[in-house]
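Order of writing sets the chain letters: A, B, C, D, E and F. Residues in each chain are counted from 1.
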Amino acid sequence: MSGGAWLPLLVLASSLVTGLVIFALPETSQRLRSSLNLAGALIKLGLVSVMLWGVYLGQQYEARYTLMPGIDFLLRADALAMLLVTLSAALWLFTTIYAIGYLEGSPHRSRFFGFFSLCVTATMGLALAGNLFTFFLFYELLTLSTYPLVVHRGSTQALRAGKLYLGYTLSGGAVLLVGIIWLHGLAGNVEFVHGGALADLDPALHGELIIIFILLIAGLGVKAALVPLHGWLPVAMVAPAPVSALLHAVAVVKAGAFGIVRVVYEVYGIEFAADLDLLLPLAVVASITILYGSLRALTQNDLKKRLAYSTVSQVSYIVLGTSLFGPIGTIGGLVHLVHQGIMKITLFFCAGNLAETLHIHRVSEMNGVGRRMPWTMTAFTIAAFGMIGVPPMAGFISKWYLGLGALNSGMDWVLLVLVASTLLNAAYFLPILHAAWFKPQQGPWPEERARGRLETSAWLLLPPLVTAALTLAVGLFAALAISPLEWARIITLREYVR
Amino acid sequence: MTPGLLYAITGALLFCLGLYGLLLHTHLLRKVLAFNLMGSGCFLVLVGLAQRGGQVDPVPHALVLTGIVVAVSATAFALMLVRQLYVETGRATLPGEGDDP
Amino acid sequence: MEQLYLALAVFLMLNVAAGLLRILRGPTAADRMLAAQLFGTTGVAILLLLAEAQGVPALRDVALVFALLAALATVAFVKRVWYRKPEGDA
Amino acid sequence: MNWLPWLYDSLIAVTLLWVAWQVLASRDLFKAVVLFIVFGLLMALAWVRLQAPDIALAEAAIGAGLTGALLLDAVGHLRAPRRKRGTD
Amino acid sequence: MSPVLNWVAALDWIPWLLGVPLVFALLAFQFGARLAERLVVPVFGLGLLAATGLALQVLREGPQQHALGGWGAPLGIELYADGLTALMLLMTAAIGLAVVFYSRAYFRDDGRATGFWPLTGFLIGAMNALYLSADLFNLYVTLELLGLAAVGLVALSSGSAALAAALRYLLAALLGSLLYLLGVALVYGAHGTLALAQLTGLLQPGPLAWLVIALMTLGLAIKTALFPLYFWLPPAHGGAPAPVSALLSALVIKASFYLLLRLWFELFAPAINLPAAQFIGLLGAGAILWGSWLALQQRELKMLVAYSTVAQVGYLFLLFPLASFAPGAEAAWNGGVYHALSHAFAKAAMFLVAGAMVFAAGHGEISRLGGIGQQLPLGIFTFALASVSLMGLPPSGGFVAKWLLLEAALASGQWWWILVMMLGGLLSAAYLFRVLRQAFLPTPEDASFRRPPAMLVGSAFLLSLVALGLGLWANGTLTLLRVGAPFAGVTP
Amino acid sequence: MSLPDLLGTVLLAAGGFFFLAGTVGLLRFPDVYTRLHALTKVDNLGLGCVVVALMLRADSVAIVFKLGLIWALALLATATASYLVARNARHHGITPWQCPEDRP
């Protein structure tokens, strides 16, 4: 292993070791646990920044270990990987801060933070994975480490959600595994390379390759919550708010979407995938998911459920961007990977704040909440506008590029989908905002927390404000060299050079 | 046809007979008996077949001697268990297999 | 002479076969043991005859063991099985 | 008189099978055990015919004798009125 | 290589592997549990050292041969060790050592220890002998001795249920070995030798060969508890004391499987045909699905684990249809053996930790184990690690095995086994998570926990780590397995 | 045919006869005691005749001795066994068979 091998490993270790140490800590040593957690998150962020800079300069980071004959465990930091790595490193820090506040005084915190760290480790691992095998390894690790988080509360409902979650994700994992092994049998050790690795295979194998593609997408689609494989996601919102935030923004759904990106661009190659006529069906599935998710979100009264269906819809923007042939669409999809994460995590933080401070769980209970918790609702509003795609917020950038990409690739009907989705987004977010800011309060909230100096604990308030600010910033400073948009552009340039 | 073959066939038949007994009888002692019959059948086949040429082959003799010792140990062990079971339950049949006088 | 030995052995075998009927018929355990005892003795005789007929002297040792065993089995029977009142005994 | 050995062998074979059948078919356990001892003795005779006196010896001593004694012992115990534990 | 390794590789380890456990068994029998407890760790440590030494030798010099007492075949006993043997011996030694540590704590001040130690020594000795034997009759004798020792261990627990389980097990084991023996008799009658090396390739297709294959396979399938002949396994494995269950479920059934493997790919190879192999595979599939289904129905923790063994045995038998025909044969062979290995470690860990959980909770009812996660965090973690391996999730030995088997199934186009394996994996997740979810439930009101000795959970934890590690060190393990393997020449 | 041969043949025939008699007795006699009686004929006389016949053909003294030993052993065994069986039969209350005419 060269010197460049240690950095990816250290990035993984920074959260893995933290997690393992936290498991061993007694429940009562709260201060130590919190400091450990934050230290881990900060170290990771530092490491990731170093790596990000290196990758920007064209440095190679690669760790390789032969696991079985012909099968390597491979970590490699390329530009695409860094997109997700940076996102999760940053959001992990915020979520950790948030979770420390959120879980104050609740039981089983060692267990929670331990699995939380493992979950981030798995996300990092699958972002850095250099081949499908390694990707799968972390993909399953993610399933396992999120299960305890989903069932964390131990209620019947939580356990049922956990069961459903496992059923979906493990089945998806099995399908994915078959696809990977099949591909492995046909093409050997498939590493992720720009432009894909399969185009040179014997044309006689194209039929099999199509089936494999379907298997891979189906397997990944479970986590990416593509309709009709999305059933677990709205149910899994019984988990504590930080978990939902993580699940919806960085970890699980992103793992699926990211996997689809990898498969389309770096296993099959976008041109080869287009040759096999695989992109159009993918775009159709993504569009259906976008519309279906938005429609279902409209009718939800439970706030977190509405957000969950919104996730179903928004994650598919990424898939949609992936399936649009041409650099602009690609940029749209990739940048949404980041944007959706930032926006959605803000929304979930705010929902958690409402639940934690005022015990508000339903949209119908939110009348006048803006006056009680103005900061929280401000953050919520920014994120919601971003989701709708109001310029100059993050979501606008994504949608702009997606629309352009659709036109470029000749799939004009996608524009209609985008417009419809935007209208639907507005339709399910605006009433919430209206109720919160303009309707009068309908009476006291039954289990309101005593009001302190701030509207709620500082631990809970800080993260959504920061992420909301980010939502604004990534839109406003999209042209800056370090913005996600620029980064997506760099990746895209590399993908289309063959 | 040689005597060896005759005995081998007898052995095979004994084996089948023992198998039948082992499977159909419920009384444990009888199962032990059936097992012993099967074992003897096996040994006969081993020596009988080895002797088809007419001349004596010492290898199977050694094997059968070992086999007999093993069979007796197994029988003794089984009988000990049956007796304990009888002390515990008053029956010498396996539960769920009905009663056999 | 060998043939005669062999013939007698066959004859004794037939005896054994016939004696089996007593074991089957009983009626008491003692009768069965007696029949087994008879087999022991007949077996000894057969073995001795075969030792001569086949020219395998080792068979005499087998016969010796047979004779010993017959006694042993009977004693075991009387001591362990038949030491109390029989109940119908069939 | 070439048929004499054959007659003898067949006689043993048939008797063996018949005894084995009776061991399994007889309703009385004790009878079955006695028949089994007889079976062991017959086996010894069969071994003799297969020119295996060493096995015959072992079969008689161990197969018929030792096993027979063990079986008789077991039958005795199974027939005895049951005493809970530690009677031996 | 370092001088120590040179020294280790230069010694003749085979007699040690046989002698040490048997001498230990005799001493334990003669002088009682006290002495045994003192002796057992060095003895089993020595066993592990010997197995490692042999593995090193095999790795460096290829298959090893040893004539016991200087006599060669056919009358003497010839021993033989290739990569597969070495792996099996290592597995036995490692699990044996962990179980020994566990048992010292588990059987403290327990009357059953008197019987446990000698029988365990005997069991390990018989198993080592079986793995090293190279002729059919030795294999029979060792198989029988192994069976007797195993039954003895099951009968350690008093009570009618344990006795009935032991008897059922005994009868099944005896039936199995007799069927095998009849096959041996037929082979000897036809070919006049029992040495596997001389017999390889001799068996020609024909009624006799098929009869031999049917008899031996049936006999060994009974001993391995292949569906639908598993009836004896759950009561025996589920009812025995935890360390015994671990030994039986992890090791003993592997012995008969190992033998079957040897026979199919060395002795039977020329006479095997497609339907036979497919039929065996079908039974394996039945085991996976039916065993998992039954495991789902169990209420007792240890019974669930026992039925899981019934299911997992099924994967072993998928090897036969997959490895009987190129392409994919080598992957299937590796995968099957790997499954045997990783299942051994995972299942041993699982049974041991189940014992600790039962000890802690005072009962084994799954639905009342809520709160076990707080009482026994490392315990439930161990259970989870073992589960990961049994479910075939990465990065574990079970995953490597599943990967290889799936690869073989895809390479040979036998997609129906893929469905079975996928379904089996999901079902195993379903029944294992029935236990794992208890960790997240609140403690029931009436529950009372007591702390088990640290060694109970500790040794199980180590085993589960090995099960996980098998997924990470697959390369070395597979290299060792290739030494003398039937497909060593075939590259995938 | 030489004299030993002739004698041997006669003895063998006699032995065979006694064996037959014993077996028939065992089958036909009415109760344990009488069957016991028949059995002893086999052991004493049947086996005796055969042993003596074989002794005549024996090659060495050792064989003669061994044959004698076997017979002695058989005798001893039957004697003990018969005694034990009869005593136990009495003990168990099996009444000796009586000729129907003699019965009171």
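One rule holds in what follows: contacts are C-beta pairs under 8 Å (C-beta built on N, C-alpha and C of every residue); 3 or more make two chains touch, one makes a residue touch a chain.
Note that the structure is a prediction, hence the values are computed from the model and not measured.
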Chain labels contacting chain B and also chain C: D
Any chain in contact with chain E as well as chain F: none
Pair with more cross-chain C-beta pairs in contact, given B-D and B-E: B-D
Chain located farthest away, centre of chain B as origin (C-alpha): A
Of all other chains, the one whose Cα centre sits farthest from chain F: A
Centre-most chain, if every chain is reduced to its averaged C-alpha atoms: E
Distance from chain B to chain A - Cα centre to Cα centre, in angstrom: 67
CA centroid of chain B to CA centroid of chain F, Å: 32
Gap in Å, rounded to a whole number, between the CA centres of chain D and chain C: 10
Where chain A and chain D are represented by their mean Cα positions, the distance between them in whole Å: 77
Touching two or more other chains - residues of chain D: 5, 27, 49, 51, 54, 73, 75, 77
For chain C, residues contacting two or more additional chains: 33, 35, 40, 68, 83
Per-residue multi-chain contacts in chain E, two or more chains: none
Arrangement of touching chains [line / ring / star / complete / other]: line
Listing of all chain pairs that touch each other, if any do: A-E, B-D, B-E, C-D, C-F
Residue numbers on chain B that touch chain E, as the complex places them: 8, 11-12, 15, 19, 22, 28, 31, 35, 38-39, 41-43, 45-46, 48-50, 52, 57-60, 62-63, 66-67, 70, 73-74, 77-78, 81-82, 84-85, 88-89, 94-95
Residue ranges of chain E in contact with chain B within the complex: 74-75, 137, 140-141, 144-145, 148, 151-152, 155, 158-160, 163-164, 166-168, 170-171, 174-175, 178, 181-182, 184-186, 188-190, 192, 194
Chain D to chain B touching residues, read off their complex: 5-6, 9-10, 13, 16-17, 20-21, 23-24, 27, 29, 32-33, 36, 39, 43, 46-47, 49-52, 54-55, 58-59, 62-63, 66-67, 70-71, 73-75, 77-78, 82-85, 87
Complex contacts: residues of chain C adjacent to chain F: 1, 4-5, 8, 11-12, 15, 18-19, 21-22, 28, 30-31, 33-35, 37-38, 40-42, 44-45, 48-49, 52, 57, 60, 63-64, 67-68, 70-71, 74-75, 78, 82-83, 85-86
Interface residues, chain D side, partner chain C - complex: 1, 4-5, 7-8, 11-12, 15, 18-19, 22, 26-28, 30-31, 34-35, 37-38, 41-42, 44-45, 48-49, 51, 53-54, 56-57, 60-61, 64-65, 68-69, 72-73, 75-77, 79-80
